[in-house]
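Below, chain A partners chain B and then partners chain C, in two separate complexes.
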Partner chain A sequence: MSDLLDTLAAASPQLWEGTLVTLQLTFGGAALAFLVAVGLGLAALSPWVIVRTLVRVIVELFRGTSLVVQVFFLFYVLPLWGVELAPYTTGILALGLNYGAYGSEVVRGSLTSVPQGQWETTTALSMSWLHKMRRVIWPQAWALMLPGLNNLLIMLVKGTALASFFLMNDLTFVSDQMRRTAGTFTSYGIAMVIYLLIALALSWALRVLEARALRRLGLREPTKGETAKATAEAVA
Partner chain B sequence: MIHFQDVVKRFGDTTVLDGLDFTVAPGERVTLIGPSGSGKTTILRLLMTLEDLTEGFIYVDGEPLTHELRDGKRVARRPRDVSKTRRRIGMVFQQFNLFPNMSVLENITEAPIHVLGKPKQEAREDALRILEQVGLRERANAHPMQLSGGQQQRVAIARALAMHPEILLLDEVTSALDPELVGDVLEVLREIARTTNITMLIVTHEMQFARDVSNRVLMFDSGRILEEAEPDKMFSHPEHERTRRFLQAIL
Partner chain C sequence: MTWDTEFALSVFPELLSAFVRVTLLVTVVGSLMAAALGLVWAITQRSLGRRSLPLRWVLDFIRMTPIPVQLLFVYYTFNNLSALTVGILVFGIHYSTYMAESYRAGIESIRKGQWEAATALSLPPHRTWRAVILPQALRATLPSLGNWAIAMFKDTPFLIFIGVLEMVTVARQIGGSTFRYTETFTIAGLIFLAASYPTAILMRRLEKRLAY
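Right after this comes the complex of A and B.
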């Protein structure tokens, strides 16, 4: 037991560094993926065939090719054409484009799942596109898309491990290095626990968002704080 | 005034409206009846621009709605122009379609504030006044899900009225309601018919209501007007055998 603690103490600076790199890739990748998902998801509903076709091509391209190959392409092929990307940029770009392509299908599906009557009512009230999206359609689609996005976010966390392929000091890379000093079981075991904790924390955060979105649609009981607020507003 | 001129509507190979011509005078209440698939709901949906017009023109007070004749050619109007004309028209749907992410009051004030640019306080007061009319002022801060179907439909009526339309389209507004909730909704509509001069186009199976509020009834069959008459005449002495059979089936 004390052996394990000693090993841990010795390795903890590197482990901490590795975890930080993994978290940075996760948040950077997730932020980009979200933007790509929303952009492509909205564009997929465009009235113009050209736009929809373009979206289809992009989505199929990034969904249909291996994430590892995409990373290698960005990291090793682009420099041949004179474009050199920093490792961080490469990782975030690959994760963002790949998971963004998957996410766009979640976004598109959620938007089209908002009942047709809601869309028609926004037309009947002459709302502009931006207005109806922001105030009526998106808030309803948001509650529908969170479970799907949650799933993708967790896959993205694990996807960051491919950064170790181009020698970034992420959690996977560090635990691989630790193998020699700490032993296979300990190093990979620790890595698994850390990945699991990150995934659980993010998943929990998105569930909180989902519960909040559902409450706003009146599909869940409001919390005590919200009931008090609503009562106060009603009285005022 | 609403004017349909040579209106054709096709869904794929199916022709729903076939060269339709008719006019509704300002302040007139017209009920459209006919078997399902006869095109009556399509007329309301075309007016609300929820469907594309295949051929022909619709005019609202002489203004073209979605298409106009320019240099002898039929051209689509710009979305902005369509939206301007469309603001004279309001619609109440069979399924209420209240926005679930907003309170009753917000449902009603949303478009007046953000589409018409009304000051918030004014929109709020107007909404409360209209809610009073439909008998739901005390539910202003309720959530749509907390209301019965009949109450939701009355909120939807209030929402349409808050835009102060000149024309109100009522598309089977009581068809999705439990029978005991129909009366309240119809009472609210009767009151609006009595106290305003809003032009109304009504698709309904409530014949007593149609009789009470409308000036004219149009019987549709296969995308054409089979006959038209004042409600009393239409319901007691229809000319066509087809109309007689239809009325017998629903009364």
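Right after this comes the complex of A and C.
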């Protein structure tokens, strides 16, 4: 036990650094992913066929080609075209676009799940687009989309582990370095526990938001199974 | 940097062969394993009720920690296993925790009356599951399992962490020796897209057809 504490104490500065890098990638990636998801999700319901088709192509391209391929594309191919991105930018861009594309399916699905009558009512009241979204459609869709976004956020946290492949000293990289001194079990064990804590904290925060959104609408919480099914549809 | 079609075509066979030998193998065996284990987790949780809480924690732990770290952890802990075996095990177990949730949705969707009828007929538990619950539950679960399998498929490049020569790793190697990353990664991405997009469409169709 004291051995473990010693190794922990010795490695704690690097572990802290690594955790910070992972957190920065998580928050940066999640912020971009959210913007992309809402933007593409709303555009997917556009009345113009051209916009809808374009959104479909973008979403399927990012969903279909694997996060790792996209990261490598940004990291290896763009410099050949004269675009040099900082590792942070590479990571945040890849995570944001990939999970944003998944998220847009959740956003679109939630918007279309708002009962038809609600949409018709806003038309009958001749609300402007912004008005109907803000006051009627979005609050209901928001409650529906949070469980799916929650699952995707956890996947994004896990996806940041790729960062060690484009020269970032993230948590995975640090734990891999620690293996030589601290041993396999301790180093990867600690990394997994830190990832778990990050994921649990974020997941809890989103569940608080969800409970609040549901309370406002007076609805019940969906079961975990229902959420898993909806997420599987988004990430496939 | 210009696009060289001839070069792109010349790397295609090598990438495709890595795709079939490693990527598809891991996905197929891993998915079957995940589907079997996921069912075991779901039935165990349902049968044990509140006593299954420790199992729930273990599954949450696996689901909430990154695949690369899990790959490295298993790879260095079990020295005698080949990297490919480790890959299949880790992907199978990791995605079984997701599939368990999908099974759970299917099982939850079965109306209470079905359970009560099974009890009224005094069917033993294994008959209740096999003859009454699962045939109905699996119908709703199947497309969801397929979707998770596609997600696993797109995660297979993580095998690069333990040095398995999977398609994207091969693409990176060829790119490294020729400095033509554009073609290799484009082809790799297209192969992924060509395999995952039609399968995803198929799952959507299946879902519509199987829906009650």
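One rule holds for everything that comes next: the second predicted complex is superposed on the first by the 219 of 236 C-alpha atoms of A that agree within 3 Å, B and C clash if a C-alpha of one lies under 4 Å from a C-alpha of the other, contacts with A are read in each partner's own complex, and residues count from 1 in each chain.
Note that a residue touches a chain if its C-beta (ideal position, glycine included) is under 8 Å from a C-beta of that chain, and two chains touch if they have at least 3 such contacts.
Model, not experiment: these values are computed from the prediction.
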Which superposed partner A:E120 touches (first chain B, second chain C, both, neither): first
Contacts of A:L8 with chain B and chain C, given as first, second, both or neither: neither
First (chain B), second (chain C), both or neither touched by A:F73: second
First (chain B), second (chain C), both or neither touched by A:L209: neither
Partner chain in contact with A:L196 - chain B first, chain C second, else both or neither: second
Partner chain in contact with A:S175 - chain B first, chain C second, else both or neither: second
Broader residue contact with chain A after superposition on the shared chain, chain B or chain C: C
Chain B and chain C footprints on chain A, overlapping residues: 233
Chain A - residues contacting chain C, complex: 60-61, 63-70, 72-73, 76-77, 80-81, 154, 157-162, 164-165, 172, 175-176, 179, 184-185, 188-189, 191-192, 195-196, 199-200, 203, 223-229, 232-233, 235-236
Residues on chain B engaged by chain A in the complex (per definition of touch): 48-50, 83, 86-87, 89-91, 93, 95, 97, 99-101, 110-111, 114-115, 141, 143-146, 159-160, 163
Complex contacts: residues of chain A adjacent to chain B: 115, 117-118, 120-121, 123-128, 131, 135-136, 139-140, 216-219, 230, 233-234
Interfacial residue positions of chain C with respect to chain A in the complex: 1, 61, 63-70, 72-73, 76-77, 98, 101-108, 143-148, 150-151, 154-158, 160, 168, 171-172, 175, 179, 181-182, 185-186, 188-190, 192-193, 196-197, 199-200, 203-204, 207
